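What follows is a set of structures for review.
Next, two complexes with chain A in common: one pairs it with chain B, the other with chain C.
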Partner chain A sequence: MNRRKFLTLMGSAGMVSALGTAKVAKAGVHTFPYYPDSYGVLHDATRCIGCRRCEEACNAVNKLPKPEKPFTDTSVTGTKRRTTAYAWTVVNKYKVNGKDVFRKLQCFHCNDPACASACFAKCFQKQPDGSVTYDGTQCVGCRYCMVACPFYVPGFQYDEAFDPLVQKCTFCEPRLKEGKLPGCVEACPMDALTFGRRSDLLNLARARIAENPGKYANYIYGEHDAGGTAWMVLAPSAAAGKQDQDAKDAKEEKPVVKNHEDEFKQLGLDRHLGTQPMGELTYGALGAVPMIVAFWPVLFGGAYAISKRREARFKAEKEAHVEATKNDLAAAVDAAVRKIEETQGPGAADTARRAMAEALKSREMTSAAEHGEDK
Partner chain B sequence: MADHSIVIPTRDKLFNIREFFTPTPGNIISGIILAVGLVITLIRFTCGIGAVANLDDNQPWGLWIGFDLLCGVCLAAGGYFTTVACYIMGQKHFHSACRPAVLTAFLGYAFVVVALLYDLGHPLRLPFMFFFPGTTSVLFEVGLCVATYLTVLFIEFSVAPLEWLSCRFPWLIKWRKILVMCTIPLTIFGVTLSTLHQSSLGSLYLIAPGKLHPLWYSPFMPMFFFVSSMVAGASMVIFEGMLAHKGVHHYMDKTHLREADEVSFAFARAASFILFAYFMLKLIDMLVQANLPYVFTGYGAWWLVEMFGFILLPALLYAKGARDRSLTFCRLGAVNAVTGIVLNRFNVSMIAFNYTLPSAERYFPSIWEICISMFVVTMIITVYRFVVYNMPILYEHPNFRDGH
Partner chain C sequence: MRNGTVLLLLAALALAGVVCLSAPGTAAAKAATLASTDSGAPSAIVMFPVSAKPNPKGTAMTPTVFNHLNHEKAVAKCETCHHTGDPVACSTCHTIEGKAEGNFVTMERAMHATHIHKRGNGTTPTSCVSCHEDVTRKRQECAGCHNIVVPRHDAAWCASCHNVTTSITPEQLQQGIDGTLSLEQRESLAADTVHTPKPTRMLTPMDGPYKVRIDALAEKYLPNNFTHRRHVSSLMEKIRGDKLARAFHNQPETLCSTCHHRSPLSATPPKCGSCHTKDIDHRYPDRPNLKAAYHLQCMGCHKAMNVGRPKNTDCTTCHKARQ
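And then the complex of A and B:
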C-alpha cells in the first residue's frame, strides 16, 4: 500500500465520520440549501477547452486590471494558477489519467460560506439569489476569510497601501440584478457553464451522468461538499481517460475507483471537506464560551473561598496553640517560682520571676521579628 | 536595609532613565533595532503590506500572526497563571512574582495589539468588530476577550504607576486603594477571559481542516492551546526571572530575592505536571484520530521532534529541577518549554499549515517581517525596562508596605 492510497483510505474514514456528524446536524435547526430558489452554475469539465474566454469576460465586466500576458495566450493554463484579487476566475489544465482536462476556478458561492462564518465584521453575506457578496466598507483586512476558505479563493490587495480589500468572484451580482448572465457564463463558447436554479442544475447534472454512461464521474462536486455550493463541477470519468491509456500501454489492471475520489483529486478538487459547512466546525468551541463565562467565576470564587477559609482556620489554630503554650509557660513559671519561694525565700523568688519574664519577652520579640518579615 | 541601593523616584526626581543613556551593548542593539523598525514601519504604512511582507493569498497569516499574536498572547499567560496561584489559591509566597508577571502580561497584550495593526489591512477599522459584530466568528470572540482582558490587565497593572506617581500627586492614593480592593474580582475575571481567548486562538484553525496537517489539526486544539498556555505562563515567569536577574537585579528588594527561587521551583513543578498532561493529551488525540500512520511520514518526524524534544524533554528537565532544587535545570526547562510553545504555534500557523501545497507556493517570512517582530519585542523590553526603573515592580514601595 503506497502512501497516497493510504491517505485516500484515511480520508474515506474521515468522510464516514463526517457523514455521521452531518446526520446529527440534520436533526438540528437548519437544513441545506438555505435558499431553495437560489441560482448556481454547473461547470462541465468535459466540455471545457481552456480557451480563457471566461477569464477575459470576467476581467472586462468587473473592470479588473489587464494581466501581463493576453487572454489569447492559453499556454498559461499549464502552470497552476489560483484566483487573486485581480483575477477572479482562472482556468487550469489538469491531467486526469493522462488526459488533459480543463477546470475553471472561481468562488464556489457556498450555501453556508466559511468566509461569512469567519468574518468578524460581517462583510460576507449569502444572498437569496445564491451569490456570496462582500462589503469592503467594513472590512478590517484581517484575512481570516482567506484562512477559512477551503477552496483557496479570496485574494487580498497586498499592494494597496491605504484601502486594501479582499476580492473574489461576485457571481456578477449586479448583472444578475439587471437580468443578465454572469460574464463568464455568457462568454463560454462551449456551453461548459450552465446557469440556472441550483435545484434544476442538480437534476441536469444527474441527467447528463445518466445519459452518458462512462463519460462522467458519478459525483457532482459541490452538491454536498463543504455544506453544498452554488457553483458545481462535473468531472470526466477516470475510466474514460483510462481506456485510451490502456489501449496505449496494456498495463496491469487497476480496480475501478468506486467513490470517484481519484478524478476529483487529479482535478485539484478536495473531496475531504466533509458535508457540513466549514463554520460548523467552530461552533462547538464557540458554544462552550457561555459555559465558561458562567462557570469559571464560580469555580475560581470557590477556590478563593476555600483557600481563604483554610487560611482563617490555620490562623485560629495557630493562635489557640500560641495561647495554650503561653498558659503552659505561665503555669510552669508559677510552679517554679513557688518552689524557689519555698526553698530559698521570697527574695530569690522575685529575682527568678523577673529573670524568667525578661527571657520570655526577648524570645517573643525575636520570634515576632522573624515572623513579621515572613509575612 | 539593603534596599537602599534601589533608586526610588521622588517628588523632585520623578524619572529615573539614566540607564537608557549608558552605551551598553544592550542599549546600542536596542537602538539599532528600534531605528530599523521605525523605517520599516514607515514603509509598511505608506506602501502597503506587500512592500515588506512575503504574505500571499495562500498564506494570509504569517509571522506577524504566528509569532506576534499567537506566541505573544500565549507567552503573556504568566499574568493569569501567577495571580491565580497567589490570590486565588492562596500561595502568598508568590506575591513578589505577581507584579512582574502582570506587567509582562500587560505589555505582551498591549504589543500584540500594536503588532496586529501592522498585519491588518485597515488597522484603523479594528473597532469595527464591535459595530458589526460577526458573532459566528472565532476571531470575534478572540478580539472581544483580548480587548476586555487588556483592560483588566491595565487596571491590575495600574497600581504600580499609581504608587510611583503618588509622590507628586498624592490624590492618586485614594484610587490605588480602590484598585487594590478589586484585586480578587479582577483576577477571577482575568482567568475567565484568559481561558476563553487562549483556547480560542486554537479554535481559529478549526475552520481549516483541509489546510492544517492532521497531526496538528484536532477538534481539541482549543484545549491544547489553553493547556500549553499554562505551561507558557509558568515558564515565562521563570525565564523572565532569569533575564531580570541578569539585567535589573539591582531593582529587586530582599523579599523578591528571597522568594524568587521558591517561585521558580514551585512553577517548575507545576509546569512539569502540566507538560506531562499535555504530552498525554496530544498522544491520545493522535491515536484516537487514527493518525498513527502519519507519524511515519516526514511531518510525523517533525511532530515527534516537537513531542519529545519540546514537550517531554522540558517536562523532565522541570521535574529534575524541582526535585533536586536545581535552578539551572529549572531555567533550562523554561527555555526549552518556551521554545517548544513557539515551535508549536509556528507549526500550527505556518509549518504544518498549507501542507498540501507544493513547496514553491509555501510561505517563508521576509527579512522585514522578522525585523518588525524583533522591533515589537524590543519595544516590549524597552518599556519593561522603563517601568522597572521607575515603578515598584521588583521591590515594594516603602510608602505602601501595608501588607497583602
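And then the complex of A and C:
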C-alpha cells in the first residue's frame, strides 16, 4: 500500500465515521430506555404550606444527621436553601405575585438523567420504577454529576476525609420495594405530594387544572422539561394573585402570558431547560469519542510510519550514492596513479597518490563543514 | 274617662299593625308590574332558545328568565355582558346553532363557557356561568366555599336559571323561539316568574351539631373540637339577605355541601372518613387521605376568605399537642 492509497482510505473512513456520529446525534437515541410504567410524584405547590414535615420524614427514614435548626422552625424556608448530602429535600418560600408559595425541591428523577450521562463510572442508573439511583462503590468523587444536574440537586460529603460520596434523594427506593410510599409523600399533611404512575399523574394534573379554572398555571413542570422528569410540579396561576388588582384596572387587560413562564420563574423553576434531555446535548460529541479512539492512532501512526519509511529509504539511497561516488573517485585516483607509475616511476606515483588523497580529504572536510553532519 | 285614651291608643296600635301586616300583601297583589330599570331595558327578560330551525313539536330547553334590573345594578358597565358595545339581545348573534355574526359561538356556549381566553383588545366576553363563578370566587363572603368546590352541575343547578313559570304554554314557547311572541305576553311571563315565591327554607345552624369531635386521627395531637355551629352561623350571617346567594342556594342543604361535598344533599351527611381513608387509596390517587382532606378543606376555606389565623403551620391552635 502506498501513501496515496492509505490516505484516501483513511480519509473516507473518517468521513463515514463523522457522518455516522452526526446521524446518532440527530436521531436522539436515548441511552436510557423510557419506562412507561414508572412511578412519579406530583407536587402541587398550591397546597404546600411550608410545614417541613417532608424534610423531617426524609431525615428520619434515611437516617440522616439532625440539622442545626429543628424541623419545627419554619422560618428557614425564607432563605433559598439547596439540597445537600445530608438534606435530600428542602422546602423554600417564593413570592408569586406577592403571595407566599412554597415549593419542595428534591431530585426530580429525570427520565433521562444528566447525572448519569455525565458519570463515567456508571454510578447513576435510571430504574424501571422511575427512580434514579446512585451506587457509590465505583464513585471516584469527580462530582461531574453535580455539574451536570440542571436542578443542582446532588450533594457531596465534603466533610468525609475517606471515601466521600455523592448523596441525593433516592425516591425512597428501599421503601418502594417494601410497598411503602416515599417518606415525604407519606408525611405530607396536605397531600401536596401525590404518588402514582407517571402517566396517571399527568392525567390527574390535567384534571386538576381543568376542574379549577384560574387556580393553576396551565402547565405541568416536568412533563417535558429536561426531557421529562418523574417528579412534577403544579404552580398556582399568576393571575390568581392579581385578581384584586385586575378588578381595579380592568381596562388594562393583558393577554395571558404564553407558556406560563412567569409563574414558574417566580417559583424558582427554570423553563429554559428545553424539552431535550440534558444528556442528548452531549451524546453526539461523546459518541464520536470511540471513533476518535479507534481511528486517530491508525491515521496518525500510519502517517508517521510512512514518513519514517520514506526518510529511511531516502537516506539509504543517499548513502549508496555517496558510496558509489567515493568508489568512482577511488577508482579514478587508482587509474591515474597507475598511469603515473607506468610513465614516471613509483616515486612520483606515491607523491601523486598522497597529494590526491589530501586534496580529497580537505574537500570532504569543507563540504562537511558547509552542509553539516547529515545523520 | 281615663281608660278611653288607653283604648283609643290600643285601637290605633292595632290599626297600624293591620296596615303593616297587609302591606306585603298589597305589594303581591300588584305582581304584574316590576320596578323599571335605569337603562330603559325591560326589568326581566325571558330568554328563549332562539333557533333558525325551531322544533315543530314545540319542545325546547326551558327558557331562562333573566332579571335585567338586578344584573344592571351588579355590574359596572353594560359592556360586561353586551361585549360588542351594542346593547342588543344575546340571541341576535348567539342562536342555538350559532351564526356568522356571533363567530359561530352557540347560545349554549355564550351562556355557559367557563375557560374563556383573555382577549388582547381589552374586552373579554363573559358568559353567565363564568361571571358568576368569578364573582363568587372573589367576594370574600363567597370565596371560602366557591374556591374549594365547584357546584355540581345537575338538574337542580340548571333549574336555578332555566326557571320560566310553569304556566307557559307550548304555543307561547314556540312563538318565543320564532320571535313572534308579543311583548306583553313576554313581559307577563317574566313578571310571573319573578314573583313566583321560592319556598326554600334553608337549614339553620341549630339543625346541625353544636360541636364535632374530630378524633379519627388523633395520635400526635389531641382530638379537635370543631365548632360546627359557630362556623355555619358565621357563614350564614355573612350572606344573609344577599340576593345572589338567595337565588342560587336553592336547596335547604346547599350551604352544607361545601364541606359535605360529593354525597347527595342531606341534613345528615356521611362522615368525612366514609370516603377519605386514613392512608391514600391507591384506586383513587387523587382522593386526599383523611388528614389531608381535613386540612385542605379547613385551610382552603380560611385562605380563600382571608382568615388570618390560625397560621397554616400553627398546628396546636386547632389540636393541642399531646403531653
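Convention: the second predicted complex is superposed on the first by the 249 of 375 C-alpha atoms of A that agree within 3 Å, B and C clash if a C-alpha of one lies under 4 Å from a C-alpha of the other, contacts with A are read in each partner's own complex, and residues count from 1 in each chain.
Here is the rule we use: a contact is a pair of C-beta atoms (placed from the backbone, for glycine too) under 8 Å apart; a residue touches a chain by one contact, two chains touch by 3 or more.
Values in this document were obtained by computation on a predicted structure and should not be read as measured data.
Enquirer: Is A:G141 in contact with chain B, with chain C, with both, or with neither (first, second, both, neither)?
Expert: A:G141 contacts chain B only, not chain C.
Enquirer: Go through the superposed model and pick first if A:V293 touches only chain B, second if only chain C, both, or neither.
Expert: first
Enquirer: Can A:E342 be said to touch chain B (first), chain C (second), both, or neither?
Expert: neither
Enquirer: Which partner chains sit in contact with A:E68 here, chain B, chain C, both or neither? Use first/second/both/neither.
Expert: In the superposition, A:E68 contacts neither chain B nor chain C.
Enquirer: Under the stated touch criterion, which partner chain does A:E178 make contact with: chain B (first), chain C (second), both, or neither?
Expert: It touches nothing on chain B or chain C.
Enquirer: A:T194 in the overlay: touching chain B, chain C, both, or neither? Say first, second, both or neither.
Expert: second
Enquirer: Where does A:T282 make contact in the superposed view: on chain B (first), on chain C (second), on both, or on neither?
Expert: A:T282 contacts chain B only, not chain C.
Enquirer: On chain A, what residues does chain B touch that chain C touches as well?
Expert: None.
Enquirer: Report the residues of chain A in contact with chain C in the complex, numbered from low to high.
Expert: 47, 49-51, 74, 181, 188-191, 194-196, 200-201, 204, 207-208, 210-215, 243-244, 247, 250-251, 253-256
Enquirer: Quick one: in the complex, what on chain A touches chain B?
Expert: Residue positions touching the partner: 3, 6, 10, 13, 80, 82-85, 114, 116-123, 138-144, 146-148, 150, 152, 154-165, 270, 272-274, 278-279, 281-286, 288-289, 292-293, 296-297, 300-301, 303-304, 307-308, 310-311, 375.
Enquirer: List the residues on chain B that touch chain A in their complex, please.
Expert: Residues 45-51, 53, 55-58, 60-61, 84, 87-90, 119-123, 125-126, 128-129, 131-134, 136-141, 143, 184, 187-189, 191-192, 195-196, 199-200, 203-211, 214, 219, 222, 290, 293, 297, 358, 361, 403 of chain B touch chain A in their complex.
Enquirer: Per the contact definition, I'd like the list of chain C residues that touch chain A in the complex.
Expert: Against chain A, chain C makes touches at 76, 114-115, 117-120, 122-124, 133, 137-138, 147, 150, 280, 285-286, 288-289, 291-293, 295-296, 299, 312-313, 315.
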